[in-house]
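Quick one: this structure, given as structure tokens, is what I'll be asking you about.
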Amino acid sequence: MKLEITADLCDGLDLVFSALPHKASAEACIPLLEQNIKVVDISADFRLKQADVYTQWYGVEHPDPTYLEEAVYGLTELNRDAVSDARLVANPGCYPTSAILALTPAVQNGWIGGDIIVDSKSGVSGAGRSLSMTTHFSEVNENVMAYSVNGHRHLPEISQELDAVADQPVNLTFLTHLIPMTRGILSSCYAPLRPDIAQSADASERVRQMYKDFYADNAFVQVTDTPPQTKQTLGNNYCLVHPVVDSRTNRLIVISCLDNLVKGAAGQAVQNMNLMCGFPEAMSLDALAVYP
Amino acid sequence: MKLEITADLCDGLDLVFSALPHKASAEACIPLLEQNIKVVDISADFRLKQADVYTQWYGVEHPDPTYLEEAVYGLTELNRDAVSDARLVANPGCYPTSAILALTPAVQNGWIGGDIIVDSKSGVSGAGRSLSMTTHFSEVNENVMAYSVNGHRHLPEISQELDAVADQPVNLTFLTHLIPMTRGILSSCYAPLRPDIAQSADASERVRQMYKDFYADNAFVQVTDTPPQTKQTLGNNYCLVHPVVDSRTNRLIVISCLDNLVKGAAGQAVQNMNLMCGFPEAMSLDALAVYP
Amino acid sequence: MKLEITADLCDGLDLVFSALPHKASAEACIPLLEQNIKVVDISADFRLKQADVYTQWYGVEHPDPTYLEEAVYGLTELNRDAVSDARLVANPGCYPTSAILALTPAVQNGWIGGDIIVDSKSGVSGAGRSLSMTTHFSEVNENVMAYSVNGHRHLPEISQELDAVADQPVNLTFLTHLIPMTRGILSSCYAPLRPDIAQSADASERVRQMYKDFYADNAFVQVTDTPPQTKQTLGNNYCLVHPVVDSRTNRLIVISCLDNLVKGAAGQAVQNMNLMCGFPEAMSLDALAVYP
Amino acid sequence: MKLEITADLCDGLDLVFSALPHKASAEACIPLLEQNIKVVDISADFRLKQADVYTQWYGVEHPDPTYLEEAVYGLTELNRDAVSDARLVANPGCYPTSAILALTPAVQNGWIGGDIIVDSKSGVSGAGRSLSMTTHFSEVNENVMAYSVNGHRHLPEISQELDAVADQPVNLTFLTHLIPMTRGILSSCYAPLRPDIAQSADASERVRQMYKDFYADNAFVQVTDTPPQTKQTLGNNYCLVHPVVDSRTNRLIVISCLDNLVKGAAGQAVQNMNLMCGFPEAMSLDALAVYP
């Protein structure tokens, strides 16, 4: 079956995925919402709850902040019920999906506080298909660099969601790196761990078991017994999470990875649609075409 | 020492390297030549002897064809004396350097005729720093493709030089491929080999010895005893050449490789300058900075 | 569903895929055949019809040459009926699949003769998971090389199949190259083309139409209108074929590509199994897991 | 000039570089030291001051701990005088060079305390030429992973040196990652920054100026105004250091990078030799051959 691409939306739509740039996406989606068409917005327009934070990070006024309250942050595993009932889902950014899934169990359990560092490494497709010197093969190949060192736009999104889980503001440093591969994000997260947990016998196993219990009913989040690799997520909708305790320093390290084009974007969008439409959550997500 | 880059040429120049686009390069160089400044032109403007062939492949009229006769084709090893005496050197293309050095000994010796296929593989820096979807990391990485399948602009240059060596028109097919690396060209050349050579005992050794004799006094062309790899030429001015006989089919295979940014461009330009100015040929070419 | 891997074969088998090394594979498969279990052998043991050619290229005596006649060469598109009736299918090598699919229409049509050059470029997974300096990342990355320059083991397989189509021995040169990517083979094939075809108006379109007709009923071979790229075959069972005429030289160029781990190995094995078992040919081949 | 490699050391040696495995290196070097031959040991054998820490991390008894006191830790910029006078220099590990150069100015200045996280990303050549599945191209390419998550052997080396600068034990977490490139290490270092510095106007510029002053007389350590990239260090002996203040969280981030085979190994070894022998520090380090 060939998908036909048309300039205009057809009639009788049940749901729309929007992958427009920020601001343009909200402007296109709001009329649809008013026609009671469900929307999964893959842009950043409905992710942040506070219009002034949106303006601070994206440099534009929000087209209609009244929708920010209604929008459900579509990190499916953490907001399954709300997504199921939602008319408007804000699909999370690729980095936030990896970071929030990595940290939420420990934050919610009170094992770590709000002193958090997230060091993320991403392939190039995270930057999209637009042309720039930083995506030119000769510049990326055989190279690694940090970028957005003064603050990546995904930072407020991670903060907002972890604040809500912690019920207090977290003190988050988030640094992003570009590495020479096409797909994949790996985040290494660091936080002081409650000393009684950190110094307990088999601390890593204990934390890992807590994580496994937390994600027990979530097929697409796998807590792994060995450090995960992005290649294991290539072309699939999994987020792999691996907590490990650094007992020398009473710190928790959580490594997580995913395919930024699947669980970090389109795959999670489909997962959310499935819930919004009453379909099985994993429908159409078990085998995916891969490009690029 | 920091090199200062200025918009205008300074006074008292002895020699200019031009790396402007075709046509623009000729237009900039011709006034310099008229002031008796020596020129190494790295564009294609003075490589082809016939103005109509230039127009056919580059789609523009040549600014001043009267210089085409004077210009020396700067494949240093093959035209050393002419380069030494030249006022205007046309620095060869990256592909032609690898193909012509690979084929000239056998053509000149009459061991192969004019029935030639050159299959070349290039890294991405051959396409320059300009932005296009075909140099986007996500498109190039984990990918290989043929391009310019209807004829690459370097074809007439290879034909012209081999015609001259063969003293008859060669029947050349030349196909280029883009592979996921930054630097390097490897050309695999195929031609029917005189059966008495192909069927002689130790045919490959015999051909290799002839090649070694041919390039005996040329430090930058090395005839190798094993198949060469582009990595061996990374950041240096060598062209490695490896002839091997396919006795099953009476064909000669010659594999050659080089760094397209050094022997395939700037390195050979310096080599030519050295001769034009009476400097030692290898001056400044024994250790090079590498980027990208 | 998790696949359980056991040391021994279970009872009641209908069909076995063997991916053992050559010789070991024949030794393991022959007892199964004698129990009337169908076999798709992914090793080279049943591909060559002549035991002495097998010994010449693989350096061992064939365990039981009596099976060589029975074995069907499993290039599905070309031998569909025979595969459907077969008890023993020799799954083709990755390189031969790309080369034979590229050349067969032109050979069978008499448009090219037996004077053929195949220049193939492969990713590293073609060499399997065994460790060697030639698969070490630091050696492969940012590098390209020709290998097996004195003759790759897939050469006799290509010759045998093209000989049969041409009904005469072809004069084949086949050279393989290792390029820095994990998956994918691209073959560039060159042969003198009948001058009346080569010089006809729209020669490339004419040849392309003949190819399209030839493969009209074969979903997994697509004749493309633009030069194909291995990335387009990543993780799928397609072989893309693109013929183009070099009218300057009266030569046919055919570029073909595939994923060496799918159409070049396991995917084609499943395709053959489907026919042998009476299943739809494309069953289980529309969406595949990708690793590595 | 061709370097001749012989099984035995020749007579009349002034200085030996040893790149043997740990323990074997000490065993080979000690007899040389006793003949008053200077030694630059590139193994880990003389880096750690305490024999029990050595045994804990390397799993063997140290051959002769009496030399541990004498050995000078050869991070040239920080120990220039001691290196100049040394008979035995322990050349630092690649990761420690990047981490210690990144953190020392802030630690010594008392601007950060001992609460430090170092997240390092390395190319594959850091693992040497030995063969393993983790250096197989198909496993590394298009992949990123954390490794040695329970503690990399370079951790005690970093701790030891920073402890000495801080004059108190630092609480260091150090995590290493393998990324798909051949050469290069980039370390991202995180530490709480004195709030008066973090909240000062132009905090990043202020910190950067302090770093520039600190390294003012060190040609091979460059404090950069923009985030550095490993490609900028490819094949040269520079370590690039870029401090930046995260004022939102009162944290210092320092990004540093180098070529693990040059400043992270052989280049720094030559730099140390130059000092030990009274040569100019940069001798032979301005232009280097590159492989792989």
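The first chain written gets the first letter, and so on, giving A, B, C and D; residue counts start at 1 in each chain.
Going forward, a residue touches a chain if its C-beta (ideal position, glycine included) is under 8 Å from a C-beta of that chain, and two chains touch if they have at least 3 such contacts.
Note that this is a predicted model, so its numbers are computed, not measured.
J.: Compare the CA centroid of chain B with every other chain's and tell me the farthest one.
T.: A
J.: Would you mind working out whether chain A and chain C touch using mostly the same residue numbers, over half shared, or mostly different ones?
T.: same
J.: Mind checking the centre-to-centre distance between chain B and chain C? Centres are C-alpha means, answer in whole Å.
T.: Result: the chain centres lie 35 Å from each other.
J.: Round to the nearest whole Å and give the separation of the Cα centres of chain B and chain D.
T.: 41
J.: Considering chain B alone, which of its residues make contact with at least two other chains?
T.: Each of 123, 139, 141-143, 180-182, 231, 234, 292 in chain B touches at least two other chains.
J.: Hey, which residues of chain A end up touching chain D in the complex?
T.: Interface residues on the chain A side: 117, 119, 121, 123, 139, 141-147, 149-151, 171-173, 175, 177, 179-184, 186, 188, 190, 227-231, 234, 242, 244, 246, 248-249, 251, 253, 255, 257.
J.: Using the touch rule from the top, collect the residues of chain D that touch chain B in their complex.
T.: 141-142, 231-232, 234-236, 286-292
J.: Can you name the residues of chain B that touch chain A in the complex?
T.: Of all residues in chain B, those touching chain A are 123-125, 129, 131-133, 135-143, 180-182, 292.
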